[in-house]
Structures are given as structure tokens and as C-alpha cells.
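Two complexes, one shared chain (subunit A), two partners (subunit B, subunit C).
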Partner chain A sequence: MNKLKYVGHPVTRIDSLEKVTGSAQFVDDIDFGPNLLYAEIIESTFAHAIIKNIETSSAERVPDVVKVFTGKDFPYKFGLYMKDRFIFAQDRVRFIGEQVAAVVARNPKAAKIAAKLVKVEYEPLPEVLDQMEALKEDSILIHPDLGDYPHVPWFFPKANTNVAHWRKTRRGNIEKGFEEADVILEDTYTVPRYSHCAIETHVAVGKFDYSGRLTVWASSQSPNVQRNLFSEALSPLGLSHKDIRVITPHVGGGFGGKAGVTMEIMVAAIATKLKGNSVKIRWTREQEFYNTYQRLGVIAKITLGAKKDGTITALDHKLYWDAGAYVEYGANVVNAVGLSATGPYRIANISIDSACVYTNLPPGGPYRGFGYSEFLFGLESHIDRVAKKLGIEPVLFRRINAIKEGDTLAYGAKMNANGLLQAIEKVSKEIKWYEGKIESEDPVKVIGKGFSIFWKAPAMPPNASSSAFLKFNEDASINILVSGMDIGQGYLTVMAQIAAEILSIPPSRIRVERPDTDRNPYEWQTVASHVTWSCGNAVKKAALDAREQIYDLIERTHYLDRDTIYLEDEKVKSRTKPDFELALKDFVINGIQVEDGTFKGGPITGRGTFMPEFTSTDADPETSQGGHPNVHYTVGAAAVILQIDKETGKMKVLKVVEAVDAGKAINPDLVKGQVTGGLMQGLATVLYEDMRFDNKGKMLNPNFTDYKIPTSMDIPDEIVPIIIEVPQPDGPFGARGIGEHTMLPAAPMIANAIEDALGIRIKSMPITAEKVALAILKKGEK
Partner chain B sequence: MPEIQFTLNGERRTVNIEANDILLDVLRDKLGIKSPKCGCDRGDCGACAVLLNGKSVRSCLIFAIEVNEQEITTLEGISKNELSPLQQAFINNNSFQCGYCAPGIIITATELLNKNPHPTREEVKENLSGNLCRCTGYIPIIEAVLEASKRGKNE
Partner chain C sequence: MPVIQGFEYFKPKTLNEALHLLSNNRGQASILAGGTDIVVQFKEDLITSKALIDIKGITELSKIEIKEDKLFIGACVTFTDLIESELIKNKFPIIWEASKTVGSVGIRNRATMVGNICSAVPSADSAPALLVYEALVILKNKDGERLVPISDWFIAPKKTGIQKDEIVVGILIHIPKKKYACCYEKLSRYEGEDLAQAGIGILAFEDHYYRIAFCAVGPIPTRAPKLEQFLNGKKITSPIIEEAKKILLEEITPITDIRSSRKYRIHMVKLMFERGLKKVISRLEGGKDA
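Right, the complex of A and B next:
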């Protein structure tokens, strides 16, 4: 292979200049003119209640109010994987903050005043706020009609219960596995809910013009999914996909929270009733907390058996998810974990139960890590504890059982090429794992080390796909059209680098256009850390397609064999004729003039599509054997040196090392950016963020004063990112995704470091200073 | 409707406002200045930071009427001429990911470097602690400010 010129280099982001000059336009920055209307949402004040009556007449009389909408105006369900959500609540509400009605006015102040005048009469029902309560046979049903809800074929809801989906995976013989074990450890781990906290809240604007065309501008990771769900939900209006347009300008952070469809459905629906106007909803920070998606909570019961030689013989992993009031997206988090809750280990006998349970809390949904952070907290804590029981050093225990290429996965398919052992080795070395305990100079403080490994696969429908168009301009600069979203990770830059490499044009001469479903070709969604891999393949194919057209034209006009020509520095060159050189700008639009004065060729445009053709969700529902649901796993390892103040419980990360197997880091600088940012987000979930609800299901801290995300004062003293590159055979230049993975090891390695330092095992997140201080006190009392 | 006059990015501007209009809303909706962003509407996140007479303030916490006869600078004002060394350093370090916090951070860091051209790492961290960023883990942002501080004038 020739030396790569752009791929693998720390290229400057192609969107930097827009971002540092304030030119980057987010949805809320777009001017919609004097016909812009503002919608204010009336929210449920009960976690579970029947709506008896909604009185809107006083609100309608407020000057500048255009109209008030309720569930009666839109009796439609929607959802990505299961249709269990409503545009506005119908006969009942299922969480505090759920949208019940909307006041639309000519200005935001009028909308706010009028919204306070809408009176909703409720008949309260008992609320179920805990998944274990909701699982009980006599629990009140949150969705009495669950049995009638349409859903994807790989979900198994249980009618007349609160179980929306139950993923079972069985392999080998679990009883025999435990019989073979010398040590068996059983324990339960608890992970609460979390919020994404993108700094930009959700914003959406909808416009239904007089010709019956619906346009939605959305702060979204999922323009095509949005178009599809708007079309499905509003199908009674007869809107064709071609008449719905979703435009996604810059997005101010996503982390999964802006995937799928949440509040955007309201502007789409309302707009259809207010022809000729644009309607905007901008979520407040409070609404962003309680009415988009939250990360699901989980209670995980782990039983793990291992032999004296360190071989894990059996894993029984039962996960009960607090999935919230609606699970149209969140149930797939539960599904993904049900297939992968072995972690990156080779285990012969496996039983996994992953249960998606409705509760009267805000809807659970996708969040960076998609369930893997949650189960890895328990599993990687447990691995340390089993190692200790066996008397085996915990990193060695991980090495003994680490999954290798070709090993059988829980659902029967084979593990892909990966650098897990390399990652473990490099992290151990960098953190000086084997060099013993670090003594603190300050007697009030102790220092511990913690380790964790991780894996994650994209969770996608088996036919999720990407596509790309590439067009040359007169000066041989390029515009690429894709429908993946740059939510900060640097996807647009990476797509430019891939095309740059194939066509030998610098990334700075390539513009990659943000999604507009009218113009850009299809992409499933920007989730699952799959766009570098999937859309990267599509862009590579589009660039190759364009290159073939260039070669065709040179063959036809210059009679040079295509095997002898190549592209370099924006020119066509020849290996056999060193004098031959033709600048791309001389022909990529206007063609090449031949002897008789005519022109051949024409604008060069490339097209590429990619769909993994080996995946399937057709499997036995009792065992999950038989299908191939995941395309591949990305693996890695991480370790931390943690200092703990024994008096206050306050913790400081002195050093953290993380190695992730990117297959090929298309842009190492951006990979390192993901490691730094992802680790910080993961550390925040364990050290700082603490979502609180009262006993009626009301979130108590929906703001940044009380829900603490890290500031620049909270960063670790040292972060060392390590890039491993074991190529992904079907990835562009060998690349696979790493974005979500970087936050996965954070929580368990902190828990492991705390035990190392203090001999205290904490089994519930978050592990705040307060919790540590109390645990130290409790230990002292014994 | 009261009328206020103030200097916005070096230009004298006049605008009619309600007495309870917030500066952020007036800048964005009445004057077309879109770089200050709303992230929390209560002074927690710093995305709406602007310079008021050279000092960074949260425009979501200030009534527009308070800036009558004062001087406001936003990122648009900083970007009018060629890139400042600070902006260039943010580009060099691929500092920002989604970029939503960038205007507020550039305002805050510009103020810092104007006051203290050669801050220590700790001073940079402390100065940026009122600007939330969820993407980057702050390190590439801190590196850029330190890089810019070695290059001189940042107005």
C-alpha cells in the first residue's frame, strides 16, 4: 500500500473556522421572519393520571395567541422501534413533564402567559417509579394496550405486564458451568439515570406551506429517521416522504439525546394545522432534562463462576431496566445489552436476561454507550472481585479470559479482529500497573489504582445503511453530500479525509454538506458510533466512483491505459509517460477537448452506498442463537490513579490512561479528542452527576446548578490516550468507530480504584465524595 | 417602548426594547447578533458570554436596558478583522467539537488574555470554569489558550 497522505494524519477540522468565528449556524440562529410562531408546552404535573378535561378557552383569549392544541388534535402514535408514544398525551399521562397541550402565539411572552391559563383536570393513578415494583404481578399497568403496539420483530413485549421487551441469550450449559467453577460470586449493582447535557437544548422549527409541503429544521442526529417517523405518524394527512424535508444545521452536542424523534414531532404536527407559518419550540434546560431522553437506570444481578486457573466457566447476568414511560427507542438499549452483557470475555456457558420495564419516569433512550456503560459498571467491578477471591491479579484474570478473534460470541457468531490484549498491555505499562502501590505523601489522602476493559458494538437494524454523493466544482474543489451529522466528533472532517485520500485533493479543498433530506442521500442515523465505518465506506465508494470516471475519460481522450495512470496533487499523472500531467480543474466540469474540436466527458459526480450484508436479527427468541445482530465490536482498556481524601471523600484523578482500538485512526487528533471528552463524560457519571426524583416522580434537579457536570476545574491532572490499530477488514482504510466507547470504562475503574485504596467496594453509582465519606465512616464504626 | 443606544462591536446602535427584555434576546432577535448562545438561561453555562466594557458577563442575566450608553463586544466583533492568535490557536488544536460553547469560551479567554497575557495553566482553568463544555473535556481548549498566550496580542 502506498503511503497515506491524508488518512491517518491529524488534519485540521474542516469546520473550525466557522466555529471559532461564531459563523456556525445552529437551528435557533436561523431567521424565520415575522411569520414565526412560538409554541409553549403544557406539561403533566402527575407521574400517572387520567386526563379528565382540558380547559383552553381562557388561554385562547390572550392577545397574540393563535391556537391551542391538545391530544385530540393529533390522535396518533409514533416511535422508532415500538409505537408507544403520543404526539400529545391522549387519555392518560405517564410521567411528570409529559406534553399535554401546546399554546401557539405570535410571540413567546404571549405563549408563556397563555400556557399558564390552560387548566388540565387529572384523576391521579398510583405511580410506579421503581422497575422491581413494576415487575410485580399486581403492579398497575402503565400501558394497558401494550399487546397491540406495533414493534420490530426482534422485540418481545409481554401483554398485560409492564415488560416492554425481554432479551434472553443462552449458550452452553449454565448449570454445568457453575458446577465446574471453584469460585462463584453473586452480587447486585445499581446504576441510576443520567442526562446527556448537550449545551444546546433541543430546538425545532416546522413549516407547512400552502402547497402542502412540510419542512422541519431540527437540532438532530437523525434527519432521515425524523422524516420517516413524521411521515408515519402523520400518515392520515397523506404526506409523502418527498413532501417532507428535514434540515439539520450545526448541532450543539448530541450524545444520543438528539437521536430518533422526541419533541420535534410536536412542531411537525402543529405546523400542519397552521399553514403558511413557521412554528418554533426551543426546549428550556429543565425540559431538556425531563422531556427528551434520559439514560436508563439498571439493577444488574451478576453471578460469575471461575476455575482456580482463572478460566471463567459461567456467567448469569440479569438486568432489570428502568426504561421510563415510553420505550420506543430505549427498548433497543435493553436489547443491545442482552446480546453483549458478557463484556469482552470468552465464556462458554452464558445466561443473560435483559428486561425492559416501564416506569412512570421520563422516557429512557439512547445515550453515548447505549447500555454498555451501565452493565460494565457491574461486570468490571465483579471481575476484580472474582479475581481477588481466586487470588489472581485482576489484570491477569482479564488477560486470561479476554476475547480473541474467532472466539464464539454469546449469540453464536464469531468475534472480529481486535487489539484487546494489546490495549491491556499498553495501558498496564503506561499506568505502571505492576509497579506496586503509590503511597500518598499527605496522611489524610490515599491513592488507589483501578482497571477496566470494555467493548461495544453498534446497535442497529440489520439493514441500516449509508450513502454519499460527491461532486466536483470547476476548480476541482469538491462538495460531498451525506446525511450523517457532525455532532462534534469530527465526522465531516473524517469524510473529507477519506475522499481526499482517494482523489489526492487536500481536505481543506473539500466541503462536506450537512444533512438536508431533499438534497443529500440517505443515512440511517448518526448513532452507534457507526458513521466513520458505514458512511466512511459510502464516501470511499463515491470517491472511487468519481476516480473511475476520471480514468475512463483519460483512457478515451488520451489513450492511456487506466492501469498506468494515477492521481496526485489534484492532477492525473502517468507512470509510463513522466511528461503527462493533466490538472483536474481543467476537465472535471467542462470535459476534455479532442482532435476534432468536440468535448468529451462532463461533470464528474460520484455515488456510493454501503449496507452490511451479513447481519440478521432472525434468531431463536429463547436463546438469541441463529442470527448475526452486530456488525463488529470495538474494544479497549483503561486505568486510573485516584487520590481520595479520607476525611471528605473528595476524589481527584491523578492520571488516566485509555487505549481504544480504532482499527485505523483516520484522524488521530480527533480520536484523542474523543478519548479526552468521553472519559470526562464517563468520569462525571461516576463522580459528580446525581439525578434526583421525589417520591411522586418529579425530577428535583433539572438544571446545571444542582446537576453538576464537570467544569475545567474538574479535569484529571493527566490523560493519556493510546490508539490501537488492528484493522477492521470491512472498514474504510480499516477504521471502526470509537466515539461512544471512550466513556465506557470510567465508572468501574473508579470503583476498582476506591476498593484498592480503601478496601471498600461501592456497588451503586454515582460514587460521589459524600458516598465515599459515608462509606469510610461506616467502615470505621465496624 | 424605551429606546437604548450603545456601542455594539464598535458600531453605534439604537434599539427599542421592553423594560424587561434580556440582553441575550435583544442581541439575538432584535440586532441579529447570533454568536451568544442560550444554554441554560440562568447563568450556569456561559454560552451567552459577551464583553461589557471589556469585562465578560452572561447576557442571559442582564437586562438590555442596563447596557444603555455602554460598550458590548461579541464574537462577531472579534471576528471582524483577521483571526486573533487565540482563534488561530483554537483552530490549530482542534479545540472545539460541537462548537456551541465556543463563542462564550472565546469571549472569556479573550478577556483573560487582555488582563493577563501570560496566565498559568491553573489561571486558565480557573478563568474558564464558568463556561461549560460537554464535548471536549476542556484539555484542548486550555492548550489553545496557553498556546495563544505565547503569541501576543489577543484583542
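Right, the complex of A and C next:
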């Protein structure tokens, strides 16, 4: 291939101008006219209770109230991978904040006043707030009907327990592996729940018109999944996919929290009962915390054995997930980890148990990293400790065991091409890993270094797919229709660059349109860091399809062999006839006139679809052997220099380096942006964010006063992003996803740096200044 | 999110007008200055009022000025006003220092120091600074004016010595006659905006007299009389600091809450006291911050 002109270049984001000028329209900016209605939600005040009665009559009498809805109005289940959620609670509530009823009114004030008048009578049940409690045989059941819930074939719920799914992976001989080990270390690591904290809260508007069509405007990462789940849940009302239209304008951050369907189901359902009106629900910050998805909490028991020469011989990784009240999406997080909890290591003998446990806390669901941050905290902490026990330098220990292309994965398939060793080497060099300890000039402070490697695969159904339409306009500018979401990562720009490269048209002449399920073709969802790879392939195919149509036409009209022509600077050129040149704008819509005065051709319109055709979840449920559930893994490495005040426990990141193998960085600036943003999000989870619940299951800090995410004042002094490019053979121009991965190493490398600086191992997140200071005090008391 | 309760909004141009409005709405009115606390309280239905009296239109309340030997900070003076005031920065450095730690830029542009002490949360950043300056709170009703020493102002969490017919028009601070140095040390969870988990104001005169005040380590912000008594007249040495740290523990009653544990608060207050005191002594001697 010739030198790339647009791919691999730091093209300016195509949506930057509208965003920086504030002209970008978000759902809440759209004017829905005077018939817009507002819904206020009545929420459960108990973590676990039977609903005895709901009294709505006084609320209905409030002026401007249109109607009050309860679970009786919509006795339908929904869910992505398992149908375990309800549009409104039916006979019981399972977490504090769960939607029980909605008041719809002509203005938000009336809705709010009336909502206070809805009286719900509960019969409280014992609540289970801890996954280890919920696992006990005598635990109260949160979903007594679990055995009847429809679910995807790769889930294994256990009826009459609180176990919604249990992923088992077995490979080699675990007993033999531990026998071979010279050192065995066993310990437990705890990671609590986290919240995405997207700046734009969830907001959705639904409208059911007199033609029988339901339109939903949503702040979402998943327009097609939304349409599909609305259609499934509302099919008893006679709605089918063709009747439902989901429009997703700009989104103010997602991080997984706006994947799938959460609160949007309510506007979709309510709208069907209020024909002709639009109905809006906008979550408050509090609701954003406790009634969308939260990142699942986990308790991980790790036993790792290794030989004196540094070879890891066995890993037993048991993960018990606090998955919350509903796991229709969260159970797949558990599943993904159950397949990949070896981390990026070559291990012959493996036993992984990943258990998805219902609790009476808010639903756990997708969050950037999809479970990998959670298990890597324990595993990458453990790797450092085992290395120390063996007397092997921890980065060398990682290099000895780092997975290579062709190595066998936990589930039996082969590892893809990857630049893990390159990443380790480049990070070590940039952080001066081997140049010894850094002494602090301030005697009160100490400085430590920490290292971590990481990997992640997209977690998707085996047949998750993408598609794209590409339309030429009269002036040879292009509109591309896709259904992925630009959630800040720069996806639209990357799609433009891919088409630009194939068709030799600058990205500034290409618009990539945000999803509208009526207009744009299918995309599974913008999750799993897969859209650059998957939708990128679809866009590339659409561009190639258009190019073939152009070449066909030139062959037919100018009798030039297609092997001799090429596109350059918005023109068709010929290698054999240097004076031949035909501007695209002269024919991409109106065709080419031939000798007899007639026209040939017509509008050039490209179409591309992509589905990985080598994946399968058909595997032995006892071992997970036999299938090919993951398409590929993206790997990387990172290291940190951390300064710690020995008295206050306060920490400051002096320098952080991260290398990620993008396969091909289609836009290096955007990759670097992901590294900075991902690291900040990861550092926040380890240093600041601290979700608290009381002993009744009520979240105590659903606000930024007490749930701290970093400000610009908390950014590390120096962040060094490093891009590794070992091409992904089936990726567009060799690209693979990197979006989620950038946050994965943050927590364990901080824990490792703390041990390096203070000799103290902290095994639970978050690692706040307070926790560090109290650990130092405790050590001093010994 | 809408405010669902109804109230009448007034924006008087003079203090007299405001005081009459307050009197006419006997006990049913709230005062709006910066609004960073009260708007939240309305939104969350924590308070109800028939009338909201916005005092931002009363120009005299926006003044920062020296009257004879006293500094006047009007009720509508925002933290940003204080931070940007050369007078405050040069002559009342602990007010300047404490103001910079309040909330975020956006909050400081709206929030007022008087509002901060009227909200009277235990973590009020203004309180230690005003306590060590022995500030006076100026209250007016339609019949006259009274002055309340700041040490008598805080009664309980979110409760002050104000009467229902009164408006706090400002704060009065006597300019210390002796040479002194001071600092405000605040414990927060990160570098961004945060409520104090503990705060300590320290003021030291060159003749070895000390004023020390806390916030967020007891139900109300207070001075530390026993600690001051112990330190007064003494030159600061390491053994003195160690002894003082023990006495300090008798002055505070920190709790465990969502923001911090009692244990960490105690640990940090001792540390902040030591670091702060050393810093103040260094400043007093014209040196750099300790």
C-alpha cells in the first residue's frame, strides 16, 4: 500500500467545532414543543420489600397531572442477556431507588408535587447487601423465579439460589501445577462498586404518534439495542421493530453507563399510553448514581504458584461478584472475567470461577474495562508479591510469563498478534525502571514506583456486528451513516479517516452522521472498545464498495482497466495514461456522458457490513473449552512514580507512563487522549472514589460533594502515552480497540508503588490518603 | 430540577427596605445573598419560606473597607472578592488563605463569607479565620443594631445567634496592633473543591501569644482556650509542640462520618497543628513557609 494520507495522522476531530462552541445538541437541548410531558419517578425506599399497595388517587388530583403509572400498567420483563428487570417494579422491590411508579404531568413542578402524594405500602423483607452472605445456602432469595428467566445460552443461572451465572474455566491440571510450584501465594483482594460519573446524566424522551410509531430520543451508547429491547418488551402492545425509532444526538459521556437499556424503558412504555404527547425523563445526579448501572464490586481469591526460574505453573482465581438487584447486563461482565482472569500471562494450569451474585444493591452493569480493572487489581498486585517471594525483579517476572502470539488462552483458543513485550520494554525505559529508587528531597515524603501490565478483549455476543452506508453527494463530499456513538473517544472522526483513506477525500469533506435507527444501518452497540475495529471494518468495506462502483463505471465509459486506475485528490487517475484525470464531483451523482449523448452510472452509494465469523460461545460449561468467545485481546503496560507524604498519607503522581498496542493508531492524538483520560479515570477509582452504603442498602454519597472524581488540579505532573503498533490482521488498517484499556493498570500500579515506597501492601480499593496514613500508623504501632 | 415550593421574591435597594420586608414576613422569610446554600436547600425541600429577600441590590453590603481601626466585610462580599482584594491579601492573610480553599471557582464567585457563617455548618472554612481575629458579627433589625462576638455566634450545627427579624449586614474585625503571622490548614480529600474534614486556624503574635481555632472537628467551630493558655508566653520548641498536641485532644470532639474517620481526623489535626504552627513561626520570623 502507498503511504497513508489520512490514517495514522492526527486529524482534527470533525465534531470539535460544534462542541467547543456549545452548539452541539444533546437530548435535553431539543425543543419538543408545548405538548411535552414530564415524568417524575417514585422510588423504592426499601432495599428488599413486597409491594402491598400503591395509592395514586391524591396524586392524580393535582392540577396539571396527566396520569400516574405503576407496574400494573406494564407487566413486562426486559434485559439484554437475561430478562430479569421490569419496567416498573411488580410485586417486589430489590434495591433502594428502584422505580415503582411514575407521575406524568404538564410541567416538572406538578409532577414533583404529585409524586410526593403517591403512597406505597411495603412489607419489608430482609435485605442481602453482601455477595458472600447472598451465596450462603440459607440466604433469602432475591429472585425466587430465577429458574424461569430467559437468558443467553452462555449463562448458567442456578435456580433457587442467588447465583445468576457461574463461569467456570478449567485448563491443564491445577493440582499438578501447584505441585510443580516452588512458591505458592494465596490472598484475597476487594474492589468495591464504582459509578461512571458521565457529566451528562441519563435523559430520554418518548413519543408515540397517531401512526402507531414510537420514537425515543435518548442519551445512549446503544440505539439499536434500545430499539430491540423496547420492541421485545413492548411487543404485547403490538409494536414491532419497524415501528420503533431511536434517535441518539450527542452524548455527554457514557463509559458503559449508557450502554444497554436502563431508565429509557420507562419513557418508551409510558409514551405508548399517551398518544400524541412527548414524555421526558431526565435523571438527577442522585438518580444517575443509584438507578442506572454501577460497576460491580468483587472479592477475588487468588492462589498463584511459580517455579524458581519464574515460570508460573498454576493459577486458581475465584471471583465473587456483588452484581446487584438485576444482572441482565452485569452477568456478562462476570462472564468476560471468567474467561480472561489469567491476565496477559501464559499459564498451563488454570482454574477460574467467576460467580455472579444477586444482592439488594443497585444493578451492576457495564463500566469501562468490563470487569478487567477489577480482577487486574488483585492479579497485578499478586504478581508483584509472588515475584518478591521468588526474589525475581517484578518486571522481569512479567516478561518471563507474558503471553505471546500463538500461546494457548484459558479457553483453549490461540492468542493474537500483540506487542506486550514491546510495551513492557518501552514503559520500563521511559519510567527509568531499572535506574533504582528515587530519593525524596523532602524528608517527610517517600517516592515509589509501580508497574502493571494489562489486557482486555471485547466482550460481545459471538455475532455482534456493524454496518455502514456511504453516500456521495453532487460535489463529491460524503455522508456516512453508521450507528456507533461518539461518546467522546472520537469515533466519528476515525470513521471519516478510514473512508477518506480509501476514497482519497479529506476528512473535512466527510460528515459522519449520528444514529437514527430509521436512517442509519445496524450497529450492535458502542461498547467493548470494538467500534474502531468492527464498525471501522464496515466503513472500510462501504468505501471499497463505492470505489468498486467508481472503477466499474470508469471501465464501462473510458475503457480503462481497473487495475490501472486509482483515486487521488478527489479524482480518478490512471497509471498508464498520465493525462487522464476525472474529478469525482463530475460523475458520482449524475453519471458519465458517453459518445452517444446518454449517461451511464448514477449515485455512488457504498454499503459495508462486518461480523466476526470465527467466534462461538459453544463450549463445555464445566471447563469453557471448545468455543472461541473473544475476537482478540488488546495489551499494554504502564508504570507510575508516586510520591507519598508519610504523615498525611497524601499521594501525588509525579509521572505516569502507559503503552497500549493499538495495532494501528488511526488517529494518534485521539489514542493519546484516551490514555490521558483512561489513566485519570483509573487513578480516580484507586485514589478518590469511595462509594458508601448504609446498613439498609441506601447509597450515602450520590453526589460530587462526597463522591470525588478528580479535577484538573489532580492531574499527574507528567503523563507519557506510548503507542505500540503490532497490526491486528483483521482490523481496519491493522487497528484494534484501546478505549477501555487505558484505565486498567491504574489501581494495581498505585498499590505496587505504595508497597515499593512504604513496604505496605494494601489489598482493598480505594486506596485513599486516609487508608494509607492509617496503614502507616498501624505499621508503626507493631 | 424544579423548586416546587412557592415563595415571593423581593430585591430591595436599601437595607431599611429589606428590614421592613423581613419584619412584615415575620419569621417566614429567608435572605438570599450568594445562594449557593439556600438554593440547594429550597431544591431539596429542606426549608420553606414565604418570602425570599435578595440583598444583592443593597450596594453598601458589597463593601470591603477599613473604618478607623476596623475592617468591614459586607454581607454580599464573595470569596472571590476577598481573594482579589489587595487589602485582604496584605493585611488579613488568613482570610485570604481560607477563602481560597472554599469550594470551586464557580462557588467562590457566588458564595459570601457572611453566608458561610450564617449556614454555620461545622466545616465552615471562614470560621477559624474569623475566630482567631475575634471578629464581630453585625446584626440589624428595624429597631437597631447589635454586635455578636464570633465566638458566641455558632450555637449548634447550622444554628447561630441570629434572631428572625435580623439581617447580618457584615463582619467587623479589629486590626491587630501587634505584629503577627497566621495560617489556615485544611484537610480535604483531593486538590479539587472539598468540604473540610478538619480545619485549623493559627495566629501567633510576636510576643508569643497565640490564637487557635478549629472547624469540622466538633459540632461547631471553636477556639481552643486550653491549648492557647498552655502556649501563651512560650517560645515554640519541639517538646512544647508535643505537649501541646496532647492538650489539643481535649479541645476537639471529631466524629466518624462519610468524609473521614475520627481516628484520621485526630491524627491529621495534630499534624496540621504542628505543621501550621511551624509555618506561622517561620512566617513571623520573615522566613519561608515551614
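Criterion: the second predicted complex is superposed on the first by the 782 of 782 C-alpha atoms of A that agree within 3 Å, B and C clash if a C-alpha of one lies under 4 Å from a C-alpha of the other, contacts with A are read in each partner's own complex, and residues count from 1 in each chain.
Here is the rule we go by: contacts are C-beta pairs under 8 Å (C-beta built on N, C-alpha and C of every residue); 3 or more make two chains touch, one makes a residue touch a chain.
Just so you know, these numbers come straight off a predicted model, no measurement behind them.
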Clash-or-fit label for the pair subunit B, subunit C on subunit A: fit
Subunit A: partner with more touched residues, subunit B or subunit C: B
Touched partner set for A:Ile113, first subunit B, second subunit C, both or neither: second
First, second, both or neither for A:Ala769, with subunit B first and subunit C second: second
First (subunit B), second (subunit C), both or neither touched by A:Thr284: both
Which of subunit B and subunit C A:Gly252 touches, first, second, both or neither: first
Which of subunit B and subunit C A:Leu237 touches, first, second, both or neither: neither
First, second, both or neither for A:Thr705, with subunit B first and subunit C second: both
Partner chain in contact with A:Met713 - subunit B first, subunit C second, else both or neither: both
Which of subunit B and subunit C A:Tyr688 touches, first, second, both or neither: second
Apex subunit A: angle to the C-alpha centres of subunit B and subunit C, given in degrees as a multiple of 10: 40
Distance in angstrom between the closest Cα atoms of subunit C and subunit B, superposition on A: 5
Overlap of subunit C and subunit B interfaces on subunit A (superposed complexes): 284, 705, 710-713
List of subunit A residues in touch with subunit C within their complex: 107-109, 112-113, 284, 647-648, 687-688, 692, 700-701, 705-706, 708, 710-714, 768-770, 773-774, 777
Touching residues on subunit B, where the partner in the complex is subunit A: 28, 32, 34-35, 37-42, 44-45, 47, 74-76, 79, 83, 87, 90-92, 94, 96-103, 106, 124-126, 128-142
Contacting residues of subunit A [partner subunit B, same complex]: 10, 12-13, 15-26, 28-29, 31, 196-201, 250-255, 282, 284-285, 487-490, 669-670, 673, 676-681, 703-705, 709-713, 715, 719
Subunit A-touching residues of subunit C, taken from the complex the two chains share: 1-4, 104, 189-195, 258-261, 263-264, 267-268, 271
